[in-house]
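Let me begin by handing over the structure; questions about it come next.
Naming follows writing order (A, B, C, D and E), and every chain is counted from residue 1.
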Amino acid sequence: MGVTQILFWILSVLAVFSALMVVASKNPVYSVLWLILIFFAISGLYLLLNAQFLAIVNIIVYAGAIMVLFLFVIMLMNLNRDNEPQKNKWMKFAGIVSGGCLLLVLVAALKNAETKSAVAEMGTGNIGLIENLGKALFNDYVIPFEISSVLFLSAMVGAVVLGKKEASQNSSSGES
Amino acid sequence: MIPVLFIVIPLVSGLALFFFKNEKPARSFALFSSLISLVISILGLTAFSSGQHLQFAVTWLGFLGSSFSVKVDGMGQVLCLLTAVSYPLIFIATWKNQYRKANNYFALMLLTQAGLMGVFVAMDALLFYFFWELAVIPMYFLCSQWGGEKRIQATIKFFIYTFLGSVLMLVGIIYLYSKTPEHSFSIEAFYKLGKTLSYETQEWVFWLFFFAFAVKMPIFPFHTWQPDLYEQSGSSITMVLSGVMVKMGVFACLRWLLPVVSIASYRWGDVVTSMAVIGILYASLIALKQDDLKRMVAYSSIAHIGLMGATIFSETYVGFQGVMIQMFNHCINIIGMWIVVDMIEKKCGTRKISELGGLAQRAPSLAIFAMVIGLANVALPLTNAFIGEFMMFNGIFSSSVTQYNIVFTVLAGIGIILAAIYILNMIRKVFFGDLKNSTARATDTGWSENFVLSVIVILILWMGVYPDSLLQLTKEISETILSNSDITSLLTKH
Amino acid sequence: MNALILSAVWGVVMMFSGILLKQRSAIRNFALVGLVLVLSANILEMSGTVFFHIDTKGMLVFDRFSLLAGTIIFASTLLYLIVSSKEIERVGIHYADYLALIFFILCGISLVVSFKSLLLLFLGIELITIPLYILTGSDKKNLKSNEASLKYFLLGAFSTSLMLMGIALIYGVTGSFMSLSVGVVKGEPSVLLIAGMILLLFSMAFKASVAPFHFWAPDAYDGAPTVFTSFMATVVKAASFLAFIRLFEDAFGSLQKQWQLWMAIFTAATLFIGNITAIFQQSVKKMLIYSSISQAGFMMLAIYAMNSDAKEGLIMYIAAYCLATIGLFAVLAKMSDYTFEGFNGFAKNHPLLAATMTIFLLSLAGIPLTAGFISKFYMLKAAVNTQHNLWLVIFAVVMAAVSIFYYFRLIQAMYFREGTVPKLQTTPAFRVTLVLLAAAVILLGIFPNLLLYWLYF
Amino acid sequence: MQNALQLAWLVPFFPLLGFLITGLFRRQLSKTMIAIVGNAVVFASLLVSVWIFVQVKDGNSYVAEYFNFISAGSLKIPFALQIDALSSLFLLIVTGVSFIIHFYSVFYMKEESREHYGRFFSYMNLFVFSMLLLVMGANFVIMFIGWEGVGLCSYLLIGYWFKNKEYNKAADKAFIMNRIGDLGFLIAMFWILSKTGSFDFAVVFSKASALSTTDVTIITLLLFIGATGKSAQIPLYTWLPDAMAGPTPVSALIHAATMVTAGVYMIARSNVLYSLAPLSQYIIAIVGLATAILAATVALKQNDIKKVLAYSTVSQLGYMFLGLGVGAYSAGVFHVMTHAFFKALLFLAAGSVIHAMSGEQDIRKMGGLRGKLKTTYFTFLVGCIAISGIPPFSGFFSKDAILLSTYEHNKILYVIAIFGTLLTAFYMFRLLFLTFNGNFRGTDEQHHHLHESKAGITLPLIVLAILSFVGGFADIPEIFGKGGNRLTEFLAPVIPLSHGASVSHSTEMMLMFIPAVLVLLVIVYAWYRFKNYRPSEEKGLGKILENKWYVDEFYDKIFVKPLYQLGSFLNKTFERSVVDGLVNGVGKLVNYGSRQIRLLQSGQIGSYILLMVLSMLFVFIIQFFLRK
Amino acid sequence: MPINYYIFLSLTLFTIGIVGILIRRNAIIVFMCIEIMLNAVNLLLVAFSKMHHLQGAAAMPTAGTDGQIFVFFIMVVAAAEVTVGLAIIVMMFRNIHSIDINFLNRLKH
């Protein structure tokens, strides 16, 4: 077992543990912090797979931007106390059991997949480099790229529509 | 062109009537249109008798394998004639009835007529289905808008029931269509296909079709929409419903069920006939206890139709002939019956038998008409119904497809005894005996009523004495149906 | 391609029109012009005139099916805008933004009707749903609207992640995102592929509001402003089904044996839940919402059958369904009382509206000589042609009969019950459009090849 | 002169014409006109009938087909009339007796208003028409038309006074009981058709020998069921006494002279079939005799003058059937004829009495009418003698012919039959004595009004009395000299002469006169018993007899009530809760399901996702582990 | 590493996300659980991409690139989604001062 393997195991365990903590934490702020930890762990796994570009983007976009946004919102709402009312026990139990069953079923089904002999080679390869990805993105994937810009536009419009305080002069809103 | 005119005239005039403003012109126009239909049907009759082929086909929905193909054969001729005859009769008989939004009323009536005519002449399964629905939908509006207190519930029950039946039939039609080698809805293709289908398939299709037809007829135990609806809807609507519309089911069994899925019809014949025969007895027994005239007539109609149902599935030539002539006769009789009931209600303000009595003293003419029509309903010889019932009984008795033919005949025969009991009971209680409050100030029939009832009585007697005039029409088609549904040759093959 | 680009561009234009144009009617007319442009560009593309030649590397293919579907979608949207623009104004102050979002959605729709790559399916669906989250929540002061929006968002994001997991698993087997590449996998299908397919099935079922993944739909549709409910329940739902059939035909056509049973079960469940629940509703809006679910059940028959009849039929169904439902919602949006009682005596005060609504309802119920019948007919035909699971077809028609109950309940309320309905503000254009819609419903019912002709000419 | 018989259609045509004229123009025509038309048409028929009879007597017979009544493939039912010995004889009886009764009615019904007068005559004419059709029909279907037609007319005439509910009920009863019998007839017809392929008498009878015994037995029994309805035999006889509700001429016409003999005619007509079915014959004989005795016992204690006559009719019909049952078809027919004369006579005389008594029908309130109603009395006496079977009155010969055949056939039946004739004599003379002898027991007012009827009424009585006297000579047994059995010989083309073991002449003589003597003794006993009659309460058997063995009540309990109860149950319970309940139940279930399924839509994201996850689990488990 | 390990890891994370959605009531945490699910997908895609690269590099040097591109797009879309999602949550919070998803049952039918 080489270093990469060991790292894989450590990062895997870290990711799973952090995920559990995200779910289990009472305080939303802790959840966010655990989530950031997951992102780091996953970025680590990306690096092991030589997907350096994605690893970086993951850290910058996810951990850096999105999670900060989350934190910001939580703070804004002053939700950083563990005041979340608990779901009823039955619901929790049902959720955990059915989730566990789902995992069990999927794992049992997929463990015999014909890809079981295939490996994801670690530590080699250069497709994850920004140069290769950039070429592909701007040659083959130009349409999706443009589309995603439209997507952002619509998200932006959405943020404006939803976030902008409407002046109270508009009394005719809605049907009720 | 005549079959097209059958459909187009009522359709166009029906649509036109929606734009009428006043009641008087709408009424006259509707009558005029129905008279034109009558004239055309008589023209058609003469043309048919002289051996012309009354058919018309034009491509429509061709990519679906369907076409606008209509043809008037003997059976269609009889049914178109009865539709064409009954509409003017109904309009005249209810000439004095007042309707809210009369133009809509007459428009819908004529649309129904178009649908009915279409059903009787369609030679394409999909077209048949279209007209089947076209006949029912205006009926839904008619029944919902003009009638008694509880009409809406009764109508929705009727409509969901029949719609369920017709969509199941649609599945059957599509299924058969998908099985035809050339993907066609034409009746010839269906007949041809029927010879090759396996029994299991036929069984499915049989029930899909039969349910629709049984609901429409209605055959016990699918009849529960009928008494309620007849009771609740206006009299002229009831006349159309019971006089013409129920014939759709009978007709469809003969045209679309027996010849197409003959093996299943043969195998299930006993069951269906039992249902029909039970229905005869059941409805007759219930009719004995009805106090409401309309309900009584409604149940009597179930019994009469039950007999037709039983005859159809006994698959005999004489029986088919009997059914076809009886379709016409039953229409005349029941319309007459409804007219009488309607007049009683109008004159006395009630339909309750227990509140009536001695009407013959006040309205002797009405009493005589009622007597003749009532006796026609109990199939007295020299009235039209005797001919039909005689032939139908004969058909059931001589059936070779069932081994219970004697049992069926006897049980169905008990039905005619019961019919005599309830009809005479009704006549006695309504017309004879002492006057009651409701009948004390009743008046006798007026000119329009006399006219209509006379026409009906003349038809009753004419068909009772010289039925051959109609029997000649249906000879050929009866043979065709019989030969198409003849299972003996098929059974040897399978 | 024409429509895709034009709609995206016009969406951007609309964003700015809100700033530049002060008159709301001007904005509206601007949007209508844009829509007409998009529609005519799409029709031009059908006849072979393509404005933009962009190499999509096979990720988008504008074939006859997708172009015809697009035409129906754009035409429906145009009609929708004509009859509903007044109501859109009443939702909130961001009038131009709403219209811009609608254009973005149209852009997404033209993606999902013509995708060949799962990536574009994903992007298209996101491009449809993200603006929809916003439109659902656009009535900001209304708690129902807020809640609907949040629910829709959370559930939608959940289903998106299911879809992505499905795509990932499929990618694992095929190494490509092209939907056709899935179909060419030979031999016994891999478990991974099946798992991915089923996950995709779930998420598509979710988008198309097919039971048991339909739960979001009643809540979101009900909470959203009625005018947007109309759009979501018609155009967007139609687009989901188009994407659904395209995906399953291209990618999983060869695996029909694996998924057909599930389709059958989902179809039956959808029909059952949609119809049965609709019966009990006291509000016309909710009735229409559940009816849209039950109609989805019928559209599912096309996906279940997946043969040439099915594709034709789906086109027909979408057209019929959109026309009728848009018309109904257009009238409904003008009403102040959504209950059935609110419609009592409607025919007396508004004979024209009542007549057109009756035609729409008859069409939805599948009465012959309306477009609704032909489309249902096609669905049944397609399903019967598969030659097995006849029970499903029978169940479907039984449910169609059940649907009579609630559709006709509205007719009954309008025509046969006494009551008074306050005068509705209707413009001549509104009335004319409604009549046009009704005429189209009847016309398609009598001559369905007017539409289907375009698939083959 | 074969062609001469082509005019046969005139026979039924005249009454039909009369029916139409009197029926349609009853409000326009005067009463005199109505009476003239009503009588003239029957008289015309009578004349044609006589002419036909003469033709037939010369050995002619004729079948005329007029048009296709029903034709469907191989089934061809022509509208055909047949003239042969049997039908010509019946034509004569029917038209003759009918004409006398019509004539009588002119005066008897004169108090009716014009409209109802017209109605009465139109019904009567229609009746004659139907009866003629029945008799002349050349196949079973035409016969059946007449068969049901007379049923209808009896219904109409019994219910002639339609304001009275009881009368109408009696009319209904008559029609319905006839209908029950008709069903038997109908099925018999179908059976015949399916076995022989035709309804024509000629064809059916020629093929009869080829039928299996079972078929013939079933057919004949079914036909007999038809006959029991029309001819008032056990078990369908109860309508006839009730049918006395109609005006007296109607009773005379329908329920004595003509309609009720239809069953006899039909069986005589089908004698070919019956001869092939000994079992049926046996049953007919038993039923006929049982009816004869039963009705006779009931007649003993009846107090309504018409009821007594009605039961005597039932009883006499029983004798006719006994005759048919033992194979003496011509004897049966002979008795039909004589019975027509004397029973018409009795009824019309009773009508005269009732008229005189201002409508009173209860013989307990009569008595001593002999003085005031001389003609009526004597004619009634003739009738009584004739029916009792005292030589040389007509009833003697006809009844004797039946009894003789019975004797040849079965001695026990013979003894019982003799007992029946004694009963007949007893109740008839009881009737006579109570009515005409002793003291008047009615009110003073009735007494004041007592008078002999006008000539218009008494004339028919006299004519009938003469016929009752001489009628018997038509078929006088050969032992009284040459030229006997003329009727039997006349009928021979239709009813083959039987060549059974005949009894010796001395025995025959003895068999004739012993009963006659016994009858005379019974009459004497009756004289002693009733010359000073005091009405008294009946007890024991008398009460049972007075109440007609409680048969009506029994039928009511066993058939009528349960039928209505069943109807009521089906209507109120079964239809509502089962058939309709099922349909509505489905509706309710759907509604309930709607409420329940609605609850799934809880509005909570958690439960939505849970449901979705569970569905996913379900699909995955089945897809991966359970599907193969 | 065998690809199965990645599949299992990814599925585990994915399921934890689902369980989180099921058992938490805080809208933001539910949202974060969805992000966990997305990341699980991303990880799987990258792993598959490497697998396909190894299998197909001989024929085509860029084999497996598209998987990583897809991951990139997922991130982009996730960002857009987060924008809108958070906007909705904030809007909601402004109205009811809570982001408990179980408050959301006013739409109950």
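Observations, loosely collected:
Heads up, the rule we're going with is that a contact is a pair of C-beta atoms (placed from the backbone, for glycine too) under 8 Å apart; a residue touches a chain by one contact, two chains touch by 3 or more.
Computed from a predicted structure; not experimentally measured.
Common neighbours of chain C and chain E under the contact rule above are A, D. Chains making contact with chain C as well as with chain D: A, B, E.
Among the chain pairings, A-E comes first (most C-beta pairs in contact). Put simply, the chain farthest from chain B by mean CA position is A.
On a Cα centroid basis, the chain most remote from chain D in this structure is A.
If you average the Cα atoms of chain B and of chain E, the two centres end up 65 Å apart. In whole angstrom, the spacing between the mean C-alpha positions of chain A and chain C is 30.
Chain A and chain E have CA centres that are 5 Å apart. Chain geometry summary: the mean Cα position of chain B and that of chain C are 43 Å apart. Looking at chain A, one finds that residues 87, 91, 94-95, 98-99, 102, 106, 109-110, 113, 115, 140-141, 144, 148, 151, 154-155, 158, 162 touch two or more other chains.
Counting partner chains per residue, chain D has residues 598, 601, 603, 605-606, 609-610, 613, 616, 620, 624 touching two or more of them.
Chain contacts: chain E has residues 3, 7, 17-18, 21-23, 25, 30-31, 48-49, 51, 55, 63-64, 66, 69, 73, 77, 80-81, 84, 88-89, 91, 101-102, 104, 106-107, 109 touching two or more partner chains. Screening every pair of chains for touch gives A-C, A-D, A-E, B-C, B-D, C-D, C-E, D-E.
Per the touch definition, chain B reaches chain C in the complex via residues 61-64, 129-130, 133-134, 137, 140-141, 144-145, 152, 156, 159-160, 163-164, 167-168, 170-171, 174-175, 177-178, 204, 208. The touching residues of chain E, when paired with chain A in their complex, are 1-9, 11-13, 15-20, 22-26, 28-29, 31-33, 35-36, 39, 42-43, 46-51, 53-55, 57, 62-66, 68-69, 71-73, 75-84, 86-91, 93, 99-100, 102. Chain contact summary for the complex, chain C toward chain B: residues 362, 366-369, 373, 377, 380-381, 384-385, 387, 390, 393-394, 397-398, 400-402, 404-405, 408, 412, 415-416, 448-449, 452. Interface residues of chain A facing chain D in the complex, by the touch rule stated above, are 87, 91, 94-95, 98-99, 101-102, 105-106, 108-109.
Per the touch definition, chain D reaches chain A in the complex via residues 606-607, 610, 613-614, 616-617, 620-621, 624-625.
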